[in-house]
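First comes the structure, then the notes that go with it.
For clarity, chains are labelled A, B, C and D in written order, and residue numbers in each chain start from 1.
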Amino acid sequence: MFVLVNLKAYPCDGPAVARAVREVSEESGVRMAVAPQAAQLETIHDTGAETWAQHVSPVEQGSHTGSTLAEAVADAGAVGTLINHSERRLRLADIDGALSAADRADLETVVCANNPAQVGAAAALAPDAVAVEPPELIGGDVSVSTADPGVVKDAVDAATAVDEDVSVFCGAGVSTGSDVAAAGELGAEGVLLASGVAKADDPEAVLWDLVSEI
Amino acid sequence: MFVLVNLKAYPCDGPAVARAVREVSEESGVRMAVAPQAAQLETIHDTGAETWAQHVSPVEQGSHTGSTLAEAVADAGAVGTLINHSERRLRLADIDGALSAADRADLETVVCANNPAQVGAAAALAPDAVAVEPPELIGGDVSVSTADPGVVKDAVDAATAVDEDVSVFCGAGVSTGSDVAAAGELGAEGVLLASGVAKADDPEAVLWDLVSEI
Amino acid sequence: MFVLVNLKAYPCDGPAVARAVREVSEESGVRMAVAPQAAQLETIHDTGAETWAQHVSPVEQGSHTGSTLAEAVADAGAVGTLINHSERRLRLADIDGALSAADRADLETVVCANNPAQVGAAAALAPDAVAVEPPELIGGDVSVSTADPGVVKDAVDAATAVDEDVSVFCGAGVSTGSDVAAAGELGAEGVLLASGVAKADDPEAVLWDLVSEI
Amino acid sequence: MFVLVNLKAYPCDGPAVARAVREVSEESGVRMAVAPQAAQLETIHDTGAETWAQHVSPVEQGSHTGSTLAEAVADAGAVGTLINHSERRLRLADIDGALSAADRADLETVVCANNPAQVGAAAALAPDAVAVEPPELIGGDVSVSTADPGVVKDAVDAATAVDEDVSVFCGAGVSTGSDVAAAGELGAEGVLLASGVAKADDPEAVLWDLVSEI
C-alpha cells in the first residue's frame, strides 16, 4: 500500500506535514510520499520525505515559459508525479506527452481519472498507476468503502483488462484506516489523500490511523 | 469502407463538394459523408449528402454559451461527429463527456488519436471508431501506405486489444484509390480526407479515384 | 437600447422565441436580436429575427476543424457575435483575434467582461460594445439596478476612459422593464438576456415588459 | 532600465546564469533579474540574484492541484512574475486573477502582450509593467530597433493613454547593448531576454554588452 498526500495549494505547513509523513512511513514500514506545489519541491524534499510533483507539462526542454518541466521537477527532488488530477485535467495527447516527459526524467507516474472507462483509457498509455477519482466522492467526507465500493473494483477490472502491469489507486473517499483497508481489499495498491492529512491539527495521528489496519 | 470528407474551415464550395459526395456515394455504393463547420450543417444536409459534425461539446443542455450541443448538431442534420480531431484536442474527461453527449443525440462517433497508444486509450471509451492521425502524416502529401503502414496495423491491434467492437479509421496519409485500398488491407474500415477532396478542382473525379480499388 | 437574447444551449423552442423577438422588435421599434448555437443560426435567421452568434474562433479560413469561423457564421445569417462570454472565456490574444475575424466578416461585436477593469481592457481592443457581467449577478434573479447599480456606471466610466466609441451593455441582472430602464439611465446602450426570455412560458409577454419603460 | 532574463525550460546551467546576472547587476548598477521554472526558484534565489517567476495561477489558496500559487512562488524567493507570456497565454479574466494573486503575495508584475492594442488592454488591468512581444520578433535574431521600432513607441503610447503609471518593456528583439539603448530611447523601461543570455557560452560577457550603452 502506498499513501500519497497531496498538499494542493493549501495554506498548510508543508514541511511539518512532510516530516510527519517521513516519520510514520519509516516507523510503520508503509510507503508514503508528499506532493507539494512545484515551487515547494526543494523545501519538502529537504525534510527527507519521499517527494512527488502534482503535475508535469507534456513538453521537452526548450521554449516553454511557465511550464513544469519533468527534468526540473526531478532536479528539485521529486521521484514521481501525478498527471491529470481532477483539478488539472489534460488533453488525451498531453497525458501521453506528460508520461513521456516523466519517463525521460525517471519519474514514477499516477494518472488520475474520473470513472472506470477513463481508468481503462489511462491504463492504455502505460503509466505506473491510475487513480480513480469518482466526482461524487472528491472533496467530501464520504467513504469510498461505504458509498461506492464498486467503483474501485470496476476500476481495477478496467485497468487490468487493458494492461495487467498498471496498478490502481483509490483517489478519493479515503480518510481513515478502515477506508485504506477497504481500498486494499478492493484491489487498490495505493490511496491519495489531501486535506484530511494536510489540514489536520495532528497530521501524524491521522497518518498512524491510516496505516492502522494495513 | 467509409470515406469521410472533413471540410475544416476551408474557403471551399461546401455544397458543391457535398453534392459530389452524394453522387459518387450513390453510384459507387461506397458509404461517404461530409463534415462541415457547425454553422453550415443545415446547408450541407440540404444537399442530401450524409452529414457529420466536426466536434461536439462535452455538455448537456443548459447554460453553455458558445458550445456545440450534440442535440443542436443532430437537429441540423448530422448523423455522426468527429471528436478530438488533431486541430481540436480535448481533455480525456471531455472526450468521455463528448461521447456521452453524442450517444444522447444518437450520433455515430469517430475519436481521433495520434498514435497506437492513444488509439487504445480512445477505444477504452467505446466510440464507434477511432481514427489514427500520425502527426508526421497530417496535412502532407505522404501516403500512409508507403510512409508508415505499420501505424495503421498497430492502431488496429491496439484498438482490438481493448475493444473488438471499435473500428479503426485511417485519419491521415490518404489521397488516392491505392491509399484507400492499402488502408483497407491494413485493417482500416474508414478513411478521413480533407483538402485533397475539399480543395480539388474536380472533387467528383477525386472521389471516383478514391473508390476505384475498393 | 438593444435587447440581445442569448439562447445558450437551452432546451427551448428557438424559432418560437425568435419569432417573438422579431414581432416585438418590429412593433415596439426597439432593436432586438437572438443568439442561438452555431448549428441553429440558419433556422433562427429564417424566422426573420436579427441573428447573432454566441462565439467566433480567432482564426482565418484554413485547417481549423471544430472551430466557429466568422465567415461561416455570417453566411448562415449572423450580423453580430458575442465574444468572451462568461461561459466561453478566451485568452486576451484570442479576444483580439476573434475581433479581427469578426471585422473580416462584417459582424458587429460585443465582448463580455467580469468587472470594470476588464471592461476597460476589452474596450482597448476596440469592439463595438462591451457587456459587463458581474459574476455575482450571473444566472440569478437579482436585479442589477437594486443589487449593484455602481458596476454599470463604473463599466461605462472604464470603457469611456479608454475609448469613447465603445458602448457598454448590461450583461446580467436584467429581467424586467424597470431593469432595462435603470440600465439605460446608468449609461448602458444594450442589455443581454437569456433564460428570462428563452425559457419563459410566454416570451412575447416578457419582451413587451422589457421594452415597457424605454 | 531593467534587464529580465527568462530561463524558460532551457537545458542551461541556471545557477551559473543567475550568478552572472547578480555580478553584472551589482557592478554595473543596472537592475537585473532571472526567471526560472517554478521548481528552480529556490535554487536560483540562493545565488543572490533577483528572482522572478515565469507565471502564477489566477487562484487563491485552496484545492488547486498543479497550479502555481503566488504565495508559494514568493515563499521560494520570487519578488516578481511574468504573466501571459506568449508561451503561456491566459484568458483575460485569468490575467486579472493572476494580477490579484500577485498583489496578494507582493509580487511585481509584467504582463506580456502581442501588439499595441493588447498592451493597452493589459494596461487597463493595472500591472506594474506590460511587455510588448511582436510575434514576428519572438525567438528570432531580428533587432526591434531596426525591424520594428514603431511597435515599442506605439506600445508606450497605448499603455500611457490607458494608465500613465504602467511601464512598458520590450519583450522581444533585444540581443545587444545597442538594442537596449534603442529600446530605452523608444520609451521602454525594461527588456526581456531569454536564449541570448541563457544559452550563451559566456553569459557574463553578453550581460556586460547589454548594459554597455545605458
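Assorted remarks:
Rule of thumb we're sticking to: a residue touches a chain if its C-beta (ideal position, glycine included) is under 8 Å from a C-beta of that chain, and two chains touch if they have at least 3 such contacts.
All values derive from a computational prediction rather than experimental measurement.
Using the contact threshold fixed earlier, the set of chains in contact with both chain A and chain D is empty. Across the assembly, the mean Cα position most removed from that of chain B is the one of D. Our note on geometry: chain C versus chain D, Cα centroid distance of 36 Å, whole angstroms. Centre-to-centre, using mean CA coordinates, chain B is 34 Å away from chain C. Averaging Cα coordinates per chain places chain A and chain C 43 Å apart. Annotation for chain A: no residues touch two or more other chains.
Interchain contacts close the chains into one ring where each touches exactly two others, per the touch definition above. The part of chain D that touches chain C in the complex is made up of residues 84, 89-96, 113-115, 117-118, 120-126, 158, 161-162. Contact residues on chain D toward chain A in their complex (touch as defined above): 6, 8-11, 35-43, 53-55, 57, 59, 61-69, 71-73, 75-76, 78, 82, 85-88, 139, 194-195.
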